[in-house]
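A short worksheet on the structure shown next.
Note that the chains take the letters A, B, C and D in the order they are written out, and that residue 1 is the start of every chain.
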Amino acid sequence: MSQPLLSLTGAAKTFGPVVALADGTIEILPGEIHALVGENGAGKSTLVKILAGLYHPDAGAFTVSAASVAFRNVADSKAAGISVIYQEPTLFPDLTVAENIFIGRQPKGALGLISKNRMRQAARDLFARLGVPIDPDRIAEGLSIADQQIIEIAKAISLDAKVLIMDEPTAALSGVEVERLFQVARSLREAGAGILFISHRFDEVFALSDRITVMRDGRYVATHTTADVTTDAIVREMVGRDIGALFPKSHSEIGDVVLHVEDLGRAGVFTNISFEVRAGEVVALAGLVGAGRTEVARAVFGIDPYDSGSVSFLGTRLKRHDPQAAIDAGMGFVPEDRRKQGLVMDLSVARNATLTLRNSLARFGIISAGAERRAAEEWTARLQVKTGSQEYAVSTLSGGNQQKVVLAKWLATEPKFLIVDEPTRGIDIGTKSEVHRLLSDLAARGIAILMISSELPEVLGMADRVLVMHEGRITAQLDRADATPETVMHAATASLEGAK
Amino acid sequence: MSDSTRTAAANANANANAAAAPAADTTKTISTLGKGRTGAARILLGRDAIMIYAVVVFVLYACIAIPRFASPVTVGFLLLDVIPVLLIALPMTLVIITGEIDLSVASIAGLTSALMGVLWEAGLDIGTVLVLSLVAGVLAGAFNGFLIAVVGLPSLAVTIGTLALFRGLALVVIGDNAVANFPPELTGLFTSKLGATGIPTVMIGVVVVALFFGVLLHMTPFGRGLYALGFSKEAATFVGIKVNRAKFWLFVGTGSVSALAGIYWTLRYSSARSDNASGLELTVIAAVLLGGVSIFGGKGSIPGVIAGVLLIGTINYALRLGRISDVVLIIVTGTLLIASVVAPSIFAAFTRWQHDRRVRRSLPQAAPRE
Amino acid sequence: MTNTPTTQSPAPQGQTVARPESRKSALGSLIRLREVPVTVALIALVLITYAANPLFLGAQGVKDLLLNATIMIILAVGQTLVIVTRNIDLSVGSILGLVAFFTGTLFATVPGIPIIVVFVAGMALGAVLGAVNGLLVTVAKVPALVITLGTLYIYRGLNNAWAGGTQYFADDRPDEFGALSVDTVLGFPLITLIAILVVIAVAVYMVGTRPGRDLYAIGSDPAAAELFGIPVARRVFLAFLANGVLAGLAGVLYASRFNSVGATTGTGMELDVVAAAVVGGVAIFGGSGSVAGAAIGAVLLTTITSALTALRVDKFWQQAIVGVLILAAIVIDRLAGIRTARKLRESEARDV
Amino acid sequence: MELIRNYTKRGNTGKRRAARRIASFAAIATSLALIATGCASGADTSGGGETSGDAGGDLSITFIPKQLNNPYTDVVLGGGEEGAEEAGFAATEIVGPLEASASSQVSFINAETQAGTNVIVIAANDPDAVGPALEEARSAGAKIVAFDSDTNPKYRDVFISQVVAKGVALIQVKLIAEQIGGAGEIAILSATANATNQNEWIKFMEEELASNPEYKDIKLVTTVYGDDDDTKSFQEAQGLMQAYPNLKGIISPTTVGIAATARYLSTSEYKGKVALTGLGLPNEMRPFVKDGTVTEFALWDPAQLGYVAAFAGKALADGTITGAEGDTFEAGELGEREVGEGGVVIVGPPTQFTADNIDEYDF
């Protein structure tokens, strides 16, 4: 065994009364891809932030190339050869792509000033290596999440890091891009770098990694050689128990048409979208990231306007670009970004849970404090939201509990139709199955559900019908029986292949 | 029982495991427990309450230390002085809670005042003059609202522009002139007091406006929406809050109330001039921020803001009575403003530092060495 | 590999696509330069005024225009440093006042003090005042708007307390000092040359150095900058410090140009300075805008008053026109932004 | 269905929340009530007595200038304090706003009313804006002396004027006529657009220029306002030069305006070509007289203004005069003064300053 590039043992970190990390232990060898898995709240992100120099551990031993270190800041970590790609791209929207890659270490030219030409050329070289067509001179604002993630990767590569940490880098990437990322990761491994790879997708973990470290509840559990373990074993260690089927499917009576979307179109975003969702039915909207799924859902719900077509709900035409009308009619929308769209993080649990009810809680325009409290208590209790008090800010809750608050606030409106956009993204396995069971439960009660998901097993497991989108169009409508990974993938990429 | 209860059990289990572990005392809150005060502590130590204590303490101090302060006359003069700031601070609170700002309020008041003078001079009936002036304020606010909510421009930049524009229009309207001959009954009403209490008669109107905005912010669906909007525009959109419409009406609100303040100003001083109320915008914002409203939006309350306005007003009047120069007032205002925002940060940093130290001591020290 | 869609889309088309796009965007980037509208407006204003009143561009006219703009240019440049980092400094008027009075005091109490020493001392005092702002903003992590609104009051109060009714007049200062704002080199008054040097120095710093680019990154996304390891607190602190130094310099120059310095010198300048930067295309929420743009914005705002006077436009309209100008600047900027965003979206669509 | 559990009632956090709000409102109400009632009970013993005015020798006087921290004001107030002491006031106070705006003086008047000050001496920023407050002060027993800049006559007892308004206007017109050789364009650079004294002088100047055949070749082209702000006045002066290329002379009847204009002229090509006169402080104008920018200007002794105002206040408070025309009072070393038409007391003729005599004055 060669000397580890990086080793952290027994690291601890607390925030006020919350212990984010009790025993963070990881060891990365040169030339290995090391996967780190664990449920949300297991302490993975905290551990990454300690390695990145963002957090100072309260305790623990930390060595880089056998020398003990204590990073004061991110710059120290960088200087030690550690580079991080975060889950969410962190680009500077006002700067050019090239500058985003080289910020803080721009190539210099005459008089020690920054040379834009050299910087542009270096960026081009990087993109050529990654095989992506991105203009280095455009500003980063408006780039798709996938492109942003690619720029993050280019940035990390250009750092020539000894240790590259990738915190869920694939969440927003399409298959091609994931594959390209893996190629890059493998070539870096050949070059002797150590890579720490964090993902919730076991297929990726098993496809890419050499070793896997499991964490649970802020503690190190075990490290395995990938070839020697199975998914089930890893999951057991992550959860600390056996879990049932991930995607429960329960039968429900399919009723009348609840939502009827006719020829919906928005210039440059989607065209010709027509579909129906019936009571008790779960319809999945599948496709690659950027295919226009979320955009369709937003237009249906009235967040964004549409240019043509119509949305009918329970037989009545719904007002365009008016979410309140959609809510009043009986729609709900659990958005993909819980922290930015689903919740108001600094407001209390109670306020968040009743935000959708604010109009119905008011009598003569004045909100009844008692009714508000009762509603909040009722729905957080029903969904078993764990919180010390209804008055705590929702940001103090764990991710799973936050998602429950989002669901609670929509279920409180007793909707007839619910849009759920990536309902289990970034949620640990335990809560994930809980969410699936809940959705299935809701369908059984006659609620129509439109589910957007990038996880194929989730789509196949949950949906009664699958709509596949590609480049702003619906390319296939598949019944449960016809939906297989092959048919869905074919529809999601068909026209792309056809164009070549 | 279902899987979900099993999850709960598992969580409890996890907690129990953690509790059994070596660093037992600090790990038990690992997953779910948040932080925050509850019950009486929350009421008595809240930001609003502290501001109110500050006002009470200062009033008591002034009563004892400053001769003649304890008098109904004080109440009258003090309130007459703070009314314009108090009025504008109310809608400004709502605007700042949504994360916006309106710097043009004093200019709108000035424009209203100028317009009043010109219309009155032109021989219009006083009722018509008042209505038209108020309409001017509404329009000015709607203009701000249009640029900010409809066109989507940043309010800080827009209202710096309209600050100059509205003051400029005031100059265009009335020029160098000052109109003073308003009906004595009306100007008299604006300086009259409610019997022996010393409370100015116009306070009745101010209380109505304060109640309106207090109820609007704290007890209506609209107000609930504003807090959500202040923290996260996107999250607010998803629950059906009409973000742009709300912002538009808020700016109409500041415009209208600024017009009221302009009318008050004109009639109290019986002088309509283009430079009335100039520079008031910063005083208003200082008072609102001192009252605990976060400049980032999402936090603040009407009671806190009223306390903030009264605190500055009381200190101001006490200094006047003590014949202490305005220089002191300026420095005190600035220091209070900074202290009110810096103190919580410093307090939090101190608590964190203490906590970290405690934790470090309690945990086994394996490393880090330099 | 079940849940990640894989396609066989060929990759190597990358370079071929990149080239034509970059050429196009280079042209596009020239058009969307934020300084263009303000420059066009300035040129148009000067030409129109000149056509109506040739005296406007007479030797004295040009000199006056430049002198008027000098102090505002320096303040706008400093303010740009701060605004680009998504902060704001409202205390510049008060800093200028304090330093101007300090300058007057130095000359009055230390006869024969070398002028260069006064410059250094004035800038040092500005640095201290700016550092206080910077410290409060970065250490206490409190919004700059609140902090500098507070220091606006405090510094003004200190100025009042210190100066009282005392004013220092041009007579109290050596002739050579006053001559800085009278003597010209190639038609440029000396203090204007100082301002131009400041613009060039800060512009080079902002465009051509790593710490300068960091300022843009910080304003563009402070959280990302923190994640990326940019020393955010240090950079922001230095931006406030530099702004203080420049406000200090402006204070010294104020004392050279104007007759009296006292308790109220510089009152109410802060919003004009912010307006100049905004008119010059500096985004109020940071991340973009240039020093040159802010300087041109300052020239435009100071010139418009003289131009309107020279055109004999009713003086009462002047302020309203300035307001319209500020609004026009941000509306134009917004429209340009929308156009750029649409272009980007279109090019994005092609990328998919 | 078990997942969506039946709700069980627990806790009463909401009640606490409501209680908090009520507590907030209650606390505000309490604090207000404290001012209004609790504390006010003490008013009868401490406050009430003083407002009725202590008739003995314990008279108090307060000066409220247009704005503090202004050199001219300082000279006036210096004279005022000296006068107050000589006249026998027990307490002399100087309060005032830091910026000269119409309404800013009101709360100072209010505070003085409440303090039971016997004599308030005020230089009004706006003749009407201070009116209601002054009336309240009078009804509380205070005597009102306006000086420097008058209020609306109905709000004050006497007005201490520098000179006869017409006289000071004529002197300035005469000076400028001499300096420009009796023909050409001239402009006026005033203080604020609402300043009572300024506007009165300007009115007399316009009348004189229009009616006196000696001045038929002089054309007054414009009046601009520097707001008694150094920078603003400076730039207004500069604007005048550009807008009126044929301008021969400027009259600035305000100390700030004339100094700022002089500074601009002396640093520009117009030095010696454009004449400047008006009302200025010798100490401020000395360098410009010596370098030839200004040949002659005028001013009364500002200290005398404050000095006489103090004595007028004393006489009013003692009841020896009422402010009626024909009343006379002793003004210390300046001798006897008479109240003229409209309650105006004239202090004395203005002095004209030239390079020859300017060194004899120090104010």
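Here is the rule we go by: a contact is a pair of C-beta atoms (placed from the backbone, for glycine too) under 8 Å apart; a residue touches a chain by one contact, two chains touch by 3 or more.
Fair warning: this is a prediction, and the values are worked out from it, not measured in the lab.
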{"item": "Chains in simultaneous contact with chain B and chain C", "value": "A, D"}
{"item": "Chain closest to the assembly centre - both centres taken as Cα means", "value": "B"}
{"item": "Distance-maximising chain from chain B - centres being C-alpha averages", "value": "A"}
{"item": "Pair exhibiting more inter-chain C-beta contacts, C-D or A-C", "value": "A-C"}
{"item": "Intercentroid distance (Cα basis), chain D paired with chain C, Å", "value": "36"}
{"item": "Computed distance of Cα centres, chain C from chain A, in Å", "value": "41"}
{"item": "Euclidean distance of C-alpha centroids - chain A vs chain D, Å", "value": "68"}
{"item": "Between chain D and chain B, distance of the C-alpha-averaged centres to the nearest whole Å", "value": "34"}
{"item": "Residues of chain B engaged with two or more neighbouring chains", "value": "2, 4-5, 38, 42, 175, 279, 325-327, 330"}
{"item": "Junction residues of chain D - those touching two or more other chains", "value": "3, 13, 16, 68, 98-99"}
{"item": "Chain A residues counted as touching two or more neighbouring chains", "value": "369, 384, 389, 391, 434, 437"}
{"item": "In the complex, chain A residues that touch chain C", "value": "52-54, 73-75, 77-78, 86, 90-95, 99, 103-106, 111, 113-114, 120, 124, 127-128, 130-139, 141-144, 147, 170, 174-176, 178-180, 201, 203-204, 207, 268, 288, 290, 454-458, 471, 485, 489, 492-493, 496-497, 500"}
{"item": "Residue numbers on chain D that touch chain C, as the complex places them", "value": "68-71, 73-74, 98-99, 224, 229-231, 234-235, 238-243, 245, 256, 259-260, 262-263, 267-270, 283-284, 286-287"}
{"item": "Residues of chain D that touch chain B when the two form their complex", "value": "2-3, 13, 16, 19-21, 23-25, 27-28, 30-32, 34-36, 39-43, 46-48, 50-51, 68, 93, 95, 97-99, 101-103, 106-108, 110-111, 113-116, 126-132, 136, 152, 193-194, 225"}
{"item": "Residue ranges of chain A touching chain B (in the complex, touch as defined)", "value": "9-10, 12, 14, 16-19, 22, 41, 57-62, 68-70, 216-219, 239-241, 244, 303, 322-324, 326-328, 333, 335, 337, 340-347, 351, 354-356, 358-359, 361-362, 365-367, 369, 384, 386-389, 391-393, 396-398, 401, 409, 430-431, 433-434, 437"}
{"item": "Chain C residues within the chain D interface of the complex", "value": "53, 55-56, 59-61, 63-64, 68, 160, 163-165, 167, 169-171, 178, 181-182, 258-260, 262-265, 267, 305-306, 309-312, 315"}
